[in-house]
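The structure appears right after this line, and notes come after that.
Lettered A, B, C, D and E in written order, each chain numbered from 1.
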Amino acid sequence: QDNVFKIGLILPMTGQQATTGRQIEAAARLWMAQNGDTIAGKKVQLILKDDTSVPDVTRRLAQELVVNEKVNVLAGFGITPSALAVAPIATQSKTPLVVMAAATSSITEASPYVVRTSFTLPQAAVAMADWAPKNGIKNVVTLVTDYGPGLDAERFFKSRFEFNGGKVPEALRVPLRNPDFAPFLQKVRDLKPDALFVFVPSGAGAAVMKQFGERGMDKAGIRLIGTGDVTDDDQLNDMGDVALGVVTSHHYSAYHPSAANKKFVADFQKANKGMRPNFMAVGGYDGMRVIYEALKKTGGKGGGDALLAAMKGQIFESPRGPVFIDAQTRDVVHNIYLRKVEKKDGQLHNVEFDVIKDVKDPGKTK
Amino acid sequence: MLTILFDGIAYGMLLFVLAVGLAVTMGLMNFINLAHGAFAMTGGYITVLLMQRLDVPFLVCLPLAFLGAALLGAVLERTLYRPLYRKPHLDQVLFSIGLVFMSVAAVDYYVGSTQQIMQLPEWLKGRTEIGSLGMGHYRLFIIAVCAALTVGLQFILAKTRFGSRLRASVDDQRVAAGMGINVNVVFLSTFAFGSGLAGLGGALGAEVLGLDPSFPLKFMIYFLIVVAVGGTSSITGPLLAALLLGIADVAGKYYIPRMGAFIVYALMIVILLWRPNGLFVRQGGKA
Amino acid sequence: MSELLKVEQLRAGYGEAVVLHDISFALGEGQTLALLGRNGTGKTTLINTLAGATRQHGGTIALGGRALHKLPSHERAAAGIGWVPQERNIFKSLTVHENLTAVQRPGRWTPERVYEMFPRLAERKGNLGTQLSGGEQQMLAMGRALVVNPRLLLLDEPLEGLAPIIVTELLRAISRITRHEGLSAIIVEQHPQAILAISDSAIVLDHGTVVHADAASTLRAAPELLDRLLGVAR
Amino acid sequence: MSDIVLSCQGLVKKFGGITATNKVSLNLRRGARHALIGPNGAGKTTLINLLTGVLDATEGRITLEGRDISDLAPHQRVRLGMVRTFQINQLFASMTPLETLALVVSQQRGYGARWWNPLGKDAKVAERAQQLLEQFHLAEVANQKTEVLAYGKRRLLEIAIALACEPRVLLLDEPVAGVPAGEREELLQTVAALPADVSVLLIEHDMDLVFSFADRMTVLVNGGVLTEGTPDEIAANQDVKAVYLGHGDEINAAMPTIAEHAHV
Amino acid sequence: MPAQTDLLRASRIKAWEPLFWLAAFAVPLLLPSHALIVNEVAIVALFAVSLDLVLGYGGIVSLGHAAFFGMGAYTAALFCKHVSPDPHLGLLAGTGTSAVLGLLASFTVLRGSDLTRLMVTLGIALILFELANKLDWLTGGMDGIQGLMFSPILGRFTFDLQGQVAAYYSLVVLVVLFFVARRIVHSPFGATLKAIRDNRLRAMAIGIPVHARLISVYTVAAAIAGAAGALFTQTSGFASIDVFEFHRSADVMLMIVIGGVGWLYGGVAGAIVFKLMQDLLSQITPQYWTFWLGLFLVVLVLVGRDRLLKPWTWWRKA
């Protein structure tokens, strides 16, 4: 019993966020398959729970994992409210909480035990706001889904873009439950900006892109830019040619040209019937690495605080590129790449063409 | 703005095809079938999978989606639904929600939980501009299909005796049978037809609304809104309701984007408070 | 006169419960049978069994030589049964006209002829079934049974709730239809005198069995016997 | 005229194009045993629905004990003492006759809003419910659910409910429909035995009963009042014969003639 | 008098009832590892009791009952943040605001068919959802109000990680409100509700003020749902926007239908069955548990509640 190291992995495995859960679970299992399940003499055990993206369920599951299963680390968390709901438990029980998906900036501030290996939306949005004005885009309409991450993306893009001399004539917010993007896109078309900046949860990205094409907006001279969620690697291939040429900023592309990534993608696809890993998967994969490294370093001694200390400041080469867990903010620092959708070997890929190095979460610099 | 009106009509028409099958099963058969979306999803997946894996042309997929969903509906009607007609509505809710849960998990298991994206044929992808009116070809196509469907349905229900025989069977199965109506056949064909319509709706809607295993739950509310506002006793009711909601939703989101999410719900509540039995109820009294 | 209906050893009821025991009788073409008995003796059950709306446990029913008991309810209408249920059971979401057309079969009786017989209904053609007065519903139930163009009419308390003048007219109409159009009828009624007057024969039920069968005229001429059979204390 | 309890003037009800009630004026005296007759669809039930507030009149006023009640809700009219029965039973399917009557008695005594003590806690309520059960031969089925009762028992409960409301004015819509001939008189006797100052308006197609019960009659035809008078006057009225009663005065007397006609 | 005894029989407390509640209270103590789920079940059970008052007794179908649950939850959260961390006062505040909301909303459910009511209630809950999202300065938008610290219950018992205090707190509130509801449904007031549910026309015809009754029961039920919502916030330390979500309304409806409507214990039983089932199944197969839950519902309806829950009837003839 004493020789077991338990990781409580709480993810949305059903419902609309289910893909997030699937990607992360697959990545975590891949990591364990690649690196063994005995570290520092301890057997690592992964306990998977489905929280259906309902925060109070997440919280109860976390509480039960901590109290009954005595897990050493809590990990996962598909959506921000779920992560926030569990933060007090991490604090109270001194259990490190590794956020592998949720991307709102403020999560790491909710508890000193939160460590994030995914990304924050401001990171991606700000990078785009820096790139766009340098590439002839002066006038941008934003279109985001009306919830935490969307508002983050809108706020950070807008302020940085305007700081860089750009103009945002209209900031559109799409309700979370929204079957048809037509009115919003028509509005954009009538406003005729240089580009449309989009953030929507990954599933809806395809719809936006198709309707963007259908409405002939590209032909009207409007470019489509956004954070990488829109051209989610997982689905990019199915989106078809409408996606070609879309420029996004993100921390990970399955096409990232590094040896580490090639191996990661190959192994991942082999283990999962050809499913392509996306940015969620890499968050889960790196999260497992952070936990493993911390366990190695502490040898499993000293409880949660020691573990947490060992997580802070880790630097490593991830499939996404170099990653640094900022000891101060416990948030991830990584490169943000600018990518364009292109066809390579008959498949669509986010091909990186520019990089902004070591981006800290701009949300933390206020 | 004509374009907004056009988009609203197309969206409304789409809602209509998706919901009209429910108007048939729920309104005419008086069965609360919350699993309607599951039949729509079936149609959607049939189309997407046939197109992706077997390269079946889109136009061939549509009737196949209808038939597939209708067949599934017929099989389920014979095996599971039939004993439930006489159960209380709440039991029907429980049962059909159970079916939805099962269908969601089953699709997830066999196809996976990712969004399915459909590739339309080229001729449906384009767009025609006439002055300030821009019409997407796919939306034009939806409108055409729905219009044809409405006319057909209206004909079946109004000009043939099928409609009144169906309603008679629903009102009183025992006596309807005693008057020579083959109640089982009437129910079976109606249910299969309603499910088929759902399947067709799902096939048409997958492009615009997206398709993943949570489809039946995600859009259940919209189907219900259309049927509730339209009233459950005719085909024109849900059609007008769907158009009204579609146009109001699209126009509302265009002109006052901030209020986007409220408009449909507020409109529904106001209409239902004003006309508790739906906007377009069947009224007697005219000799 | 040829025999239209022959019922033998009929046993029927609801679910497991058997209400009718070994009922046998026959009815000729163009003949009218009065079905009498106190409350709850099984008159409605017998009518409903002929219409196929109860559970039959045994026995045979033959209509014009055809084995009716083997047919499901909806095929009996085609075989020639027209049914006026006791509770009328008008289809509530159909209009008066639709109530007629939904079940109509080719033959002499058309909705138009029903409207001639009950002008009241013609005025209410477009009303929903439930928007009719009690008596109008009764008329509609009668009309609905007629447009099926049956050979045998099953009338379960068809006079209940009708105005006296309509009652006389309806009785007259029934006897006209049976005499001139060759239809047969089985009539259940609370007013035995009224119904015996237009019937050829009568059977009296008690506890689900036939306790008396006779010519209608004989029974009508013996009110004491009738009272005793029906258990009426005067 | 203080002995007019219930009266209506110029009552009109239109359903779309149909005028179901056409300028009906009617006065019900205190203690009256008044019958309302007329052909099917003449508007009798509709008139009762208007008087009790189930339907809103298109035109016209209704007064009860001199007070204009045209705008009162149905339950408020009941509180003023006007109670009815329904042509088609309207019962509480999932409750037993005992519960039903206890509820009606509680409500009638103004306890309907009490939410803490259980129904039946008040011994007087239980006592009165028991009394009614016995009076209407319902005691042996007192604890069965209403929905499983035989038709005859349900019909009795329908009337018992109305009497439990202690009406000042009682409106009966074909109360004995479906009740066998032998039991009809008994039922109406219960009604006739109500206190002398209770007024009763009876709708019925059974002329034997009507003529033995009523001291005054109103004939409704096509929504309007054809005539009003004593039973003898009505029986002798040629118009009434033509539109409602037919050629004989009583059905039974009429039968032989019909039969003879038929055999021709 | 026999009539009186017969009448009072229904409201008498049966022998098994105290046993049931004793067992409920014993669980958090004897099986402390299950205290959290007991807490969750107690809260939804209270929520279900509230819906049963409306649906089972008032005959008003509602797919938007989460509106009141959510109102209670947010009120309790805001009360803690801005007024006082005292949970008792917060509970009262949550109950009170929900009652007010219930009173206002009750006017929308007086008329119309079942379907209309279903949709109107649903619409109200969805509008509150959107409001909670839009008014992010007050409600924290999509992220909700997080990290609330409540003062100890009765000044002594601090909410613990294991959830025992929470479980007892919720259980006590459940028992108290359950018995209030129990008194209500057996009173003359409750009987008038059943009368309205069974036959509105006749209810009016015996002098029952139908609208007034429906308004009062809707308000009372909303208050109870509000209390459940407040418990939710207080025992979890946050209020998240999904308290207004459709699935909450739908789940609670499923629960009372599983347990049987028009029987207060039905809601409690349904809550227990549904929650435990969900918990158990999702442990066994986190990805596909909804399939088995769905199968359970389908079988439950096809086989019949009575026969499924009473195994001794399985071998009897149908």
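Going forward, a residue touches a chain if its C-beta (ideal position, glycine included) is under 8 Å from a C-beta of that chain, and two chains touch if they have at least 3 such contacts.
Quick caveat: nothing in here was measured; it's all calculated off a predicted structure.
Visitor: Using direct touches as single steps, what is the fewest number of steps from subunit B over to subunit C?
Guide: Minimal hop count between subunit B and subunit C: 1.
Visitor: Going by C-alpha centroids, which chain is farthest from subunit D? Tell me that one.
Guide: Of all chains, A has its centre farthest from that of subunit D.
Visitor: Give, as an integer number of Å, the spacing between the C-alpha centres of subunit B and subunit A.
Guide: That pair's centroid distance is 36 Å.
Visitor: Can you work out the whole-Å distance between the CA centroids of subunit B and subunit D?
Guide: 47
Visitor: For subunit A and subunit C, what's the span in angstrom between their mean Cα positions?
Guide: Distance between chain centres: 76 Å.
Visitor: Roughly how far is subunit C from subunit D, going centre to centre by Cα mean, in whole Å?
Guide: 29
Visitor: Subunit C: which residues touch two or more other chains?
Guide: In subunit C, residues 123-124, 127, 131 touch at least two other chains, as defined above.
Visitor: In subunit B, which residues are in touch with two or more of the other chains?
Guide: Within subunit B, residues 104-105, 108, 261, 284-287 contact more than one other chain.
Visitor: Listing for subunit E: what residues touch at least two other chains?
Guide: 130, 133, 287-290
Visitor: Report the residues of subunit B in contact with subunit C in the complex, numbered from low to high.
Guide: Listed in rising order, the residues of subunit B that touch subunit C are 161, 164-165, 167-168, 170-172, 174-183, 233, 282, 284-287.
Visitor: List the residues on subunit C that touch subunit D in their complex, please.
Guide: Touch residues, subunit C against subunit D: 38-40, 120, 123-124, 127, 131-136, 138-139, 157, 160-169, 171-172, 175-176, 179, 190-191, 193-194, 197-198, 231-233.
Visitor: Can you list the residues on subunit E that touch subunit A in the complex?
Guide: Listed in rising order, the residues of subunit E that touch subunit A are 33, 36-37, 40, 130, 133, 136, 141-144, 146-147, 161-163, 232, 236-238, 240-242, 245, 247, 282-283, 286-290.
Visitor: Which positions of subunit B touch subunit A when the two form their complex?
Guide: Subunit B residues touching subunit A: 1, 3-4, 7, 10-11, 52, 104-105, 108, 112-117, 119, 125, 127, 129, 134, 136, 138, 207-210, 212-214, 218-219, 222, 249-254, 257-258, 260-261.
Visitor: Using the touch definition up top, name the residues of subunit C that touch subunit B in the complex.
Guide: 51-53, 72-78, 81, 83, 85, 89, 91-95, 98-99, 101-103, 105, 123-129, 131, 144-145, 148
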